[in-house]
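Think of it as A, B, C and D in the order they're written, each chain with its own count starting at 1.
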Amino acid sequence: MKTIILAAALRLFFPLFIFFSFYILIRGHNHPGGGFIGGLILVIPFIFHVLIHGAKETQEKLFLKRVYSLRRKEQESDLGYSIRNIGYRLRGLIPWYSRQDKDRVLVKQYVIEPLHIIPVGLSLSLIAGILPLFLGEAFLTGVWAKAALPLIGKIGTTLLFDIGVYILVSAVVLKITMEMSKS
Amino acid sequence: MIFIIIAGLIIAFLAPLLHRLLGKFIAVPMVLLPLGMFAYFCTFISPVLAGQPVLQEHSWVPALGVNFQFLLDGLGLFFALLITSFGVLVMGYAGSYLKGDEQLGRFYLYLTLFMTAMIGVVISNNILGLLVFWELTSISSYLLISYKHKYEVARASALQALLITNGGGLCLMAGLILLGIAGDSYAITELVQLRPELLAHDFYLPVVLLIMLGAFTKSAQFPFHVWLPNAMAAPTPVSAYLHSATMVKAGVYLLARFTPMLGGTEVWNYTIMAVGATTAVVGAFLALQQLDLKAILAYTTISALGSLVTLIGIGSTFALEAMMVFLLAHALYKGALFMIAGTVDHATGTRDTTKLHLLGRRMPMLAAAAVLSSLSMAGIIPFFGFIGKELLYEGAFEAPSYAMPLTIGIVFSGIAFVAVAMRLGYGIFFRKSAHEATAIGHAPEPGLWLPPLLLGIAGLVFGLLPNLTVTPILNAAGVSIAGAEAGQLELALWHGFNPILLLTILTILLGIVAYVFTNVFTTWPVHLERLYNIGPGQLYYFFKRISARGAKGLTGSVQSGYLRYYVATIIITFIFLVIGAILQENLYAVITRDTWIKAFSEIRIYEYILLILMVPATIYVSQTNSRLIAITTMSLIGYAIALAYIFFGAPDLAATQFLIETLTAVLFVLVLHKLPTLRTIKTYRANLASITLSTVFGATMAYVMVMVRQFPLDSELKAYYGEASWLEAKGRNIVNVILVDFRAFDTLGEITVLAVAALGIFSLLNLYPEKGDQL
Amino acid sequence: MDLIFTIAVGLLFAASLYMILHRHLFKLIVGLMVFGLASNLYVFAIGRLTREQSAIIPGDADVAFEPFADPVPQALILTAIVIGFGLQAFAIVLVKRLYQVSDSEDIDELKNTDKIDSTEK
Amino acid sequence: MQLQDNLLLLLPMLVPFIGAVLCIFCWRAIVIQKIIALLTQIGLTGCSIWLLQHVVQQGIATIQIGGWPAPFGITIIADLFSCLLLTAGALAGLAVIIYSFYDLDKPRIRFGYYPVVMIMQMGIGGTLLTGDLFNLYVWFEILLICAFVLITIGGTKQQLEGALKYVTINLIASGLLLVGIGTIYGMVGSLNMAQIAVQAQNLPHMQGLFVVASMFFIVSVGIKAAVFPLFFWLPASYHTPPIAISAIIAGLLTKVGLYVLVRLFTLIFKVEPGFTTDVLLVMAGLTMVVGVLGAASQNDYRKVLSFSIVSQIGYMLMGLAIFTPLAIAGSVYFIMHNMLVKTNLFLVGGAVAQEQGSFNFRYLGGVYKKRPLLAIIFFISAMSLAGIPPFSGFWGKFMLAKAGFESGFYTIAGISLGAGVITIIYLTKIWNQVFLKDKSKDIPVNLLHKQPFKKMLQLPMLLLLTVILALGIFAEPFIHLTMQAAEELLHSEIYINAVLKEN
């Protein structure tokens, strides 16, 4: 299924799906949608990526993070190098601003393993449950902030809970698809 | 008295430790324990003889009425003294017999445990407490029989003994529970007062039969006697203690104990009498045929137990008193003879009477003990055995009914006793024969001949001076069984010339004749094999084999390994239960014409799409032989259902259903090439059967649905959520509010399931033996 | 309108059982999935049906007015669908691995663990 | 007080949950996982005992998740029955966790043994404490998926084969359970068990339907509880995974199923003489008989015990069918005792196999001489299971038999005692074959490279043995508690009032 058109289309749809899924998550409290549906939508482009490129490549492209440093110039002072390097590292955090310098060195690389995201989702939901306990409320009570945010609306622990669901569902589905595709 | 029990248990469990500390001197503390107990019980002699039973109570599980309630009356005291005094001798004997055995500590553990349990049995006043100790004796007996656990014989015999006695124990348990229900009390002293009510109670018959079963199995009555000869696989001290002097008499004790409460009726007397007499005759007959020393003794024990039980069955005051005397006499000589047999075995390495000759010269003290006890066994004046036998004969002779057959049976048993006694006391020790004297490995040490000798001397002393020694306590025991009119017994060696004396002389003469013709009896079994093949011993193995095979067959057919049978069975059970409930509750009548009309009414045109999509898809998916089409059609069904959710106001559900269905299809596609290709495996008949079953199942579900839906649903949840969703939970999408607020706990569980599923899939796909991980 | 659901539920249950009883690994897994669909549909239908008006409180109201679809079965089914997805995904992988290991799609041949005298260690 | 009340009831679920989450965070760090698991399990045991003590002193405790009032939110409720089982389960779990330190292979630990076991503990806690029917379903599914994962972890052929049966039958059970819950909702429009119980009395025209609905639960929960003729998955799968897994599943899961049956049939569907009683009685009797016969005919340590689980379930069901205070108390006691004893017997088997490399009687022997402590542990546990006094099983058996005789159910009481004899047969079979007999000379070579025996394995067994002995010899307080629990169960208004007290 390695078609160029699909691959190109996917690149286009990637941010779209991500934003759409987030939109579904946020509006879920008042309209059809919610963390679960949102999470499923979030993984759609990833699944397509897996289907098109295979799990190995998906991992390589989407989940492999590399951290680079600049190569040290000759006779450069420690201080100067450090300043330059920190600047470079900071720029590296912004995806579209990172420079493909030739004189960089790979410091370390790590794979973002969906498995490690699973407990994050679980603990977010759990925290949403435990927080109200400290406010003297029952477990999993919805506690709401006084002020409302623009676009998102009122913020409450239920939203946090739903975000936990969202993260977990996407991580789980991603993990399952990637494992199945790998084997 | 509870501290006696506790001390016994503690010392029992200390025995292995003591063995490690003291080595072969472990016998010293182990002998001191029963000695101390004996001394303790002796302090109760005077109050008990004065007619004041001692009653002590300690609560254990009062919620169930199970307590340690100890009663020391004549009967209990008699048995307690018997058990502890024999305990002293056997513990000492065992120390010498098993000297150097590395598991001696364990042996003492079991033996002490047994002794303690046995004391518990005879002093318990609470019938459930009695049951507890009763079962403990079975278990410790099991452990003792299987002591030489290397040998298959020991293991099999131990199992047999355990099964029979424990089976009886369970009967006893049932009987005692019923007795407790009938009398609304668990105390023997109270139940005795309720005798008239108990006799009239509906439960009387089952109670009596069940208790008898318990007693008969324990006391090796025909046809349950088979375990006792096999139990001789145990080390000899065990045989001497458990299987002749004490444990097997627990059944006799039980019957005696319950006589004042339940006895005296026809069913009680005749059943016990018949079983006892049969056992006495069968045991005696089989004893004559044995060649093995311990087997001979085992069968005579069975016979003696039969005689004891017969006396209880006769039930007259005199017979009951005679029973006590004979019991003591038997314990004395049989315990001694077992120990002698053990010593002989220990010294020569064989127990085969045909290989044992002229042992008297090399082991004079042992021979003396043997002579004393076999004379007692044969019932020769002036030994205590003589008094016992006289009373036994008299009891049978004067039985209120069936005196004649009973007497014949008992006398037959007596004849066998004489013959056997001659073989033991004379045959292997002194009889001149063509053979050389049997070689003796090493001369027995005092610990091996002193205990039997003491017992033999006791038999003589008790015989000469019965009234100075044992009569009072026997009388007290008689009072506990037979009531106040008993207790007047005066034991004496000489009763004058009467029919009983005639019978005794006849017995001795015939016994000598039987001894002379020993060979005839011992070669008989060859001719009798066929008879034995249908005897209870063979029957036990037959049942065991059959039931093992049956169990295997049943298990094989129930747990067949065929998954579809499992599923079919479950579904059939389900259908059966649901339809059964519908018929039982007359629910088919509830469904009226209106229900059906309602079911057909107001379908909108576009809703037919659902059916049009679903019906062919469903049929197709179950018939197709293409994997891809199967997946596609299944997704189609899923989408149709999603459509239904949209039609009926469930957009969230529809979206989820749609996404999940797609995702499932994707997962399938991902592994499709690893999945088996489809083909039809089923046979035509199986196909027909499963179509039928499936149809009935589907129809049942549909029927239940129709039935439920005919009533209006007034859901308070729906109403409440409708009101509270926006005002209190601040969300307009009620479904989502339920998921993240009202019932968020469910959702927490749900995501946990997902997480675990991901972990599981991860491990399934990455961890398997072929992958090189050493499991 | 009950009729549609009655027929559909009956049909789905029957078909799923039919497939489970077929001795084929693949059919088994499909049958189990259809079984899940059937039970969801059953729960949905038994909570009574309301056309079109979904369980969402309109923007101008404080409470939901009848008739609106019962949100409770919906929430239950949503949970059940998700849980079912997890279990079914696991089952698919299990079947896949089992087929790899045993090399047979006939379930009747997979009865070693039930045998009394199996040769396992 | 709010916080304390909340914590009291939540901790049995949250402690293992947090432990599991932490374990997943430390996916690769086995040692840390072990420490977390141990701490969690100790914490869980402590919480259970705390809760038990609270309930004993102050009666039933409830909280509402999310603060929504009773029939509308999810109720978490602890009565004596659930607390007793919770404590027993936590103790069994503790023993298994300690055991697994010394016997479970590394790969299985690396692939999530600890987190899954802990989530299973959470599921058990949830099942025991929830007062909501659908929430119960969710907890059941957690138990189910955890069992799936644990049974298949390691992926040997036998495990997968057994798992196929486990998965198929249990997925059907889940479906039927969901359908049953849907049916109940369709009838009364509520999911709170107490509220359903109230409604059941208020809706006389639905009495018949309630009986029909109860059949859904008998079958679906009966499958999980391994009742005849629904138990087939159990002997097919329980013996396939390593002992550290078998023990915890075998010790706890079926009993949890039985707990639910008892809960439902004391609270919602009353067992009244008639169809339900007959069904339960027949099932109980057949379960006992088929179970013991199955156990007696096996030649593998784990298989014997697997069938033995089935037979013991029959006893527990029998108490429910008889439905008198004594009978229910007997069942409660039996469940508790069985959780501990069965776990311990499985652990002993594991220790034996660690040294000898097999579970098959043909290749085992000589343990009695070589490992006396292990032999004692086995013997006492086995005697407990067989119901020999004064060990714990006796009291359960006694209470059930007495209740049966008292209420006129002579046949079932007789069967229960008769099955006891066969119980002794198969236990002595193990004793004979594994402990007494000398080891056979011709052992296949692949069984010879065995692991050295780790003495520490006996520690968790001794822990359980202590509890078992206490349960038997100092039975009075426990029996008193079970009697109280039975009174609570039979007077369902106590439970209902505790849940719906605000209204």
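Throughout what follows, contacts are C-beta pairs under 8 Å (C-beta built on N, C-alpha and C of every residue); 3 or more make two chains touch, one makes a residue touch a chain.
For each chain, UniProt lists the protein as follows: C = Cation:proton antiporter; D = Na+/H+ antiporter subunit D.
Treat the numbers as computed from the prediction; the structure is a model and nothing was measured.
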item	value
Pair with more cross-chain C-beta pairs in contact, given C-D and B-D	B-D
Centre-to-centre distance between subunit D and subunit C (centres being mean Cα positions), rounded to whole Å	27
For subunit B paired with subunit D, centre-to-centre distance based on mean C-alpha positions, whole Å	26
Distance between the centres, which are taken as Cα means, of subunit B and subunit A, whole angstrom	66
Subunit A and subunit D, separation of their C-alpha mean positions in angstrom	41
Junction residues of subunit C - those touching two or more other chains	20, 28, 38, 40, 42, 46-48, 54, 56, 72, 78-79, 82-83, 86-87, 89-90, 92-97, 101, 107, 110-114, 116
Where subunit D touches two or more other chains at once, by residue number	17, 24, 65-66, 134, 138, 141, 145, 148-149, 152, 155, 164-165, 168, 172, 176, 179, 183, 185-186, 191, 235-236, 297-298
Per-residue overlap in subunit A, given as positions that touch at least 2 other chains	30-32, 36, 115, 118-119, 122, 126, 139-140, 142, 169, 172, 176, 180, 183
Pairwise touch network: line, ring, star, complete, or other	complete
Subunit B-facing residues of subunit D, complex	17, 24, 65-66, 68, 71-74, 105, 107-108, 110-112, 115-116, 119, 122, 126, 134-135, 138-139, 141-142, 145-146, 148-149, 152-156, 164-165, 168-169, 172, 176, 179, 183, 185-187, 189-191, 195, 205-209, 211-212, 214-216, 218-219, 223, 229-230, 232-233, 235-236, 274-275, 279, 290, 293-294, 296-298, 307, 368, 372, 383, 388-390, 394-395, 398-399, 401-402, 405-406, 413-414, 417-418, 420-421, 424-425, 428, 432, 435-438, 475-476, 479-480, 483
Of subunit C, residues touching subunit A in the complex	54, 56, 78, 82, 86, 89, 92-93, 96
Contacting residues of subunit A [partner subunit D, same complex]	115-116, 118-119, 122-123, 126, 130, 132-134, 136-142
Interfacial residue positions of subunit C with respect to subunit B in the complex	1-15, 17-28, 30-31, 33-34, 37-38, 40-42, 44-59, 61-66, 68-72, 74-75, 77-79, 81-83, 85-90, 92-97, 99-101, 105-108, 110-116
Touch list for subunit D against partner subunit C, complex	134, 137-138, 141, 144-145, 148-149, 152, 155, 157-158, 160-165, 167-168, 171-172, 174-176, 178-179, 181-183, 185-186, 191, 235-237, 239-240, 297-300, 303, 357-360, 363, 444, 446-447
